[in-house]
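Going in written order, the chains are labelled A, B, C and D, and every chain counts its residues from 1.
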Amino acid sequence: MSEWDSADMMNVAAARELKNGDVCLVGVGPPNLAANLARRTHAPACRLVYESGAIDAKPRRLPLSIGDDDLAATATAVVSVPEMFNFWVGAGRIDVGFLGAAQIDRYGNINTTVIGDHKDPTIRLPGAGGAPEIASAAKRVIVIVKQSRRTFVEQVDFVTSVGYGPTGNERQAPGAGPTLVITDHGVLEPDPDTNELTLTRLHPGITVDQARQATGWDLKVADSIEDVPPPTATELTELHRLRDREPADG
Amino acid sequence: MSEWDSADMMNVAAARELKNGDVCLVGVGPPNLAANLARRTHAPACRLVYESGAIDAKPRRLPLSIGDDDLAATATAVVSVPEMFNFWVGAGRIDVGFLGAAQIDRYGNINTTVIGDHKDPTIRLPGAGGAPEIASAAKRVIVIVKQSRRTFVEQVDFVTSVGYGPTGNERQAPGAGPTLVITDHGVLEPDPDTNELTLTRLHPGITVDQARQATGWDLKVADSIEDVPPPTATELTELHRLRDREPADG
Amino acid sequence: MPSPTPAHLNPLADAIAEHVHDGDTVALEGFTHLIPFAAAHEIARQGRRHLTLVRMTPDLVYDQLIGLGVADELVFSYGGNPGVGSLHRLRDAVEKHWPHQLAVREHSHAGLANAYVAGAARLPFAVLRGYRGTDLEEQRDIISSVTCPFTGEELAAVKAINPDVTVIHAQLADREGNVMLWGITGVQREAVLAADRAIVTVEEVVDEFPERTGAVILPNWVLSAVCVVPNGAWPSYAAGYSVRDNDFYQRWDAIARDRTAFLTWASENNLPTDNTSPAEDTLSGANASPAESSLTAENDTKEPADV
Amino acid sequence: MPSPTPAHLNPLADAIAEHVHDGDTVALEGFTHLIPFAAAHEIARQGRRHLTLVRMTPDLVYDQLIGLGVADELVFSYGGNPGVGSLHRLRDAVEKHWPHQLAVREHSHAGLANAYVAGAARLPFAVLRGYRGTDLEEQRDIISSVTCPFTGEELAAVKAINPDVTVIHAQLADREGNVMLWGITGVQREAVLAADRAIVTVEEVVDEFPERTGAVILPNWVLSAVCVVPNGAWPSYAAGYSVRDNDFYQRWDAIARDRTAFLTWASENNLPTDNTSPAEDTLSGANASPAESSLTAENDTKEPADV
């Protein structure tokens, strides 16, 4: 039960950022795991919103897609997709939005569209989904992404979702932008002056040098780095139960 | 049962214009009476839509307002008011829209807003309601209004709903505009070339001269005038039953 | 934006005192059905002044508030007593400035509904195909036009409405303060989501919501207060709980026609008025009937069930 | 505009033959839930070509149609196999032009949802706050901007989408051909109302609709055809009738990764393909597994009821 890897640590660290009462827009993958973990541990009253239309979903097991019937069946309300984006996401009612990334640059700009040219790509990625509006309108945006030189790049091939713009100063959206980037190495936060992503926390056993090695630009590092506490036994238990699609413990 | 007055004739003549299968947007007053009369007589399959959101309402008694519970309870679907105007009225899904008028001019432009100046009116009328969009988007617009020099005026004090514009040529809306004006004297139709309202039919016992006397401009009269047949016994029976708020006969 | 605090079940007087302030822009919505009369009367009872009142159909509820001197401005789209006639207090305020002048901004139903829609989406305006060629367009501060960047077509634009507070009546709340309404739901969802604060009066509190086709559910975290006020929509109605008191809508015509009758009605119902003399210019006093103590009357006009 | 004729209960093959033509713009909607797979397969079986396929989430349903050579163009907002990975047929068409080149226009979810909303309202465009600073804006023919005439704020505009035909799956029709769906209802209402013609497959026909909170009801006169196709959403699901066949979504990954496996699957399910050799360039053939005859398989992965 006490074994965990860097991906577990990433999900646990993301879960810890959710506060009780937060309205959280949840996507597939790590965000889904993190948000449900938070709800099963320290933030039972955080409110899960899925872009499929489910508001205040209380999934009994980890949903396998954002359109699982369990989400609709346990939600306080289910709304249409246009209403979700117009009246809930776009209107700024989301406290925390989680995003993934195929590529991210030092100013938090995100690519999930293509590697290569948009008209003739080397790799066609899934595309935008709800990310551009979450990036634009959520009060806090948390990016969850494994750190590597392939992902943390000098320049993204395509801007799908805007962070702070090409030079860090172009953001005009109503939300605050990416407030945290949580990786399998640690946590990056935008510099208060320049918005450049800065390493501020390290996961247990990871060094600054390893984080630098996994970054495709000259990584800015905070003067004092916090150590992220390792996953607790409770966090690990619930993480495993979620992955095994078991209901909450107790 | 065979007694009737000019107001009855007006309502009966309006009801006759509804065809089986027509989608009809119904407002309070004479339109409500006419549409429900049509449904109880020759057009049982006409579809009544109320701007309150009721689609395919099948009221068992004459509704006293467009928001009666009987409309919602008998409708195929009830939608929100924004959806009604955006997806149903504005989108052009209404075959027939009925309108009333406090003032109407020779080009079918309608005032239901004020007598006098808008900022300091002599008489404050109810205002626009759903009329401007019905006038704009319905495939056929039927105006039901008692004819008098007070109502049929050279120039309306305020254009609430557009007919064919100030000189008859300014209409740019997607619907056809006022195709019929049904009064207590007869029926007026726009001239095919000029769009000027032209007397084309007379109710029983009404003369052209009477219609001219009740018109505040030099009334154009068709070369050959049709005689409107008087109300049938069935029409009168159902009209009285509707007014008495009785359910349909049989 | 609404406070993220979950809504509580509150006494109505407390909710109005906390959330409705002098000078606020206030929307009381409900399209014929579920009109929040009890909340309106509480606003009047607490003596609120200088409100901008927003509502698609002012109906009796705003006729009363306007006559009581609560409003400086009215934003609306259809101001009649449906099936009866004029709203005489509204007319008296506009035509004769009694009890004081009332500024008016008016839309079509489509325009005002879309102004709420834009407000709920926190967009500055909404687009619709309408208004062209009408004199309503002269209200340039709320109605303008935009050009489609793809087709070049010119369309109407209406300015978003974001009330300081929206008040609605609904059938049900659950124990957590989530709210459910059904039947004709009008523009209530949009009006609530467009507001900074939202107050809901409900018929009753239940453990669990029933299945209701066409129901609107509002989560507690977009609501500021939920108040249990049975029959809080009277003389309007709440589907499943009451029927519309059509007789009162008829009787109101006589009360509202005459300033004296209106002031008597206000006094009998403990609704404060400005110290305005009714004598100077009564609108159509000739056929006014004496006021009836109708506000507090029971809903005595239930129609026979007809299902 | 849809024909005013009431919808009939039709065989699916007839409805597709009558209403879906080569070269049409076709939207098959359903957000994870109620995806009209059976109708998609019928479109493929009838050999339709040169379609512009519109769908927020292409999902397996468009991965299949794209691999079968049905589409010339794809309009979408998120093209993944949710929780599993890539849509390999979509990628093969875009990256390697197999079986032929696929033109792509893409939105965000908000943009595409609003493009349907504008289409349903028969407006030429919709306004939203989004896209600014993204490279998606480079698609100027579908994404542009407008300036608010009241505040001067610049906002995004998306061009309306009006499919020639929209196809959805729903739980119920009544005997008159009105349709009811509930659960996650996605963008189906808007996609149907935006289309010239609409086809609905349903689980069953009932005398009367039940009460269902959150249900969407579509009157028969906006529908061109209603077809009874039980389990017509498999391997997606219909709330109250089936659960999502998550195993098939997993298995599809192996089928779709490999052109040979895909062609075998198509052949086994009588779905015509273009005469394209799979040999020339297989995307990631290394870990491809043999095709399973999954299309016609029973939904064998019902999960235990968990209420």
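What we mean here is this: a contact is a pair of C-beta atoms (placed from the backbone, for glycine too) under 8 Å apart; a residue touches a chain by one contact, two chains touch by 3 or more.
Each chain and its UniProt protein: A, B = Glutaconate CoA-transferase subunit B; C, D = Glutaconate CoA-transferase subunit A.
Since this is a predicted model, take the numbers as computed values, not measurements.
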{"item": "Reaching chain D from chain C through chains that touch each other, fewest steps", "value": "1"}
{"item": "Of B-C and A-C, pair with higher C-beta contact tally", "value": "B-C"}
{"item": "CA centroid of chain B to CA centroid of chain D, Å", "value": "42"}
{"item": "Length of the line joining the C-alpha centres of chain A and chain D, rounded to whole Å", "value": "28"}
{"item": "Chain C: positions in contact with at least two other chains", "value": "117, 121-123, 128-129, 189-190, 214, 217"}
{"item": "Touching two or more other chains - residues of chain B", "value": "77, 86, 90, 174"}
{"item": "Chain-chain contacts as defined at top", "value": "A-C, A-D, B-C, B-D, C-D"}
{"item": "Residues of chain A touching chain D in the complex", "value": "28-29, 51-54, 60-61, 64-73, 77-78, 80-82, 85-86, 89-90, 113, 118, 121-124, 126-133, 136-137, 158-162, 165, 170-174"}
{"item": "Chain A-facing residues of chain D, complex", "value": "31-33, 56-57, 76-80, 82-83, 86-87, 90-91, 94-95, 106-111, 113-114, 116-117, 128-136, 138, 183-187, 189-190, 214, 216, 237, 239, 243-244, 246, 306-307"}
{"item": "Chain C residues touching chain D - in the complex, by the definition given at the top", "value": "121-129, 141, 144-151, 153, 155, 157, 159, 180, 209-215, 217"}
{"item": "Contacting residues of chain C [partner chain A, same complex]", "value": "1, 4, 117, 120-123, 178, 189-190, 193, 217-219, 221-222"}
{"item": "Chain A to chain C touching residues, read off their complex", "value": "21, 23, 47, 55-56, 76-77, 86-87, 90-93, 95, 174"}
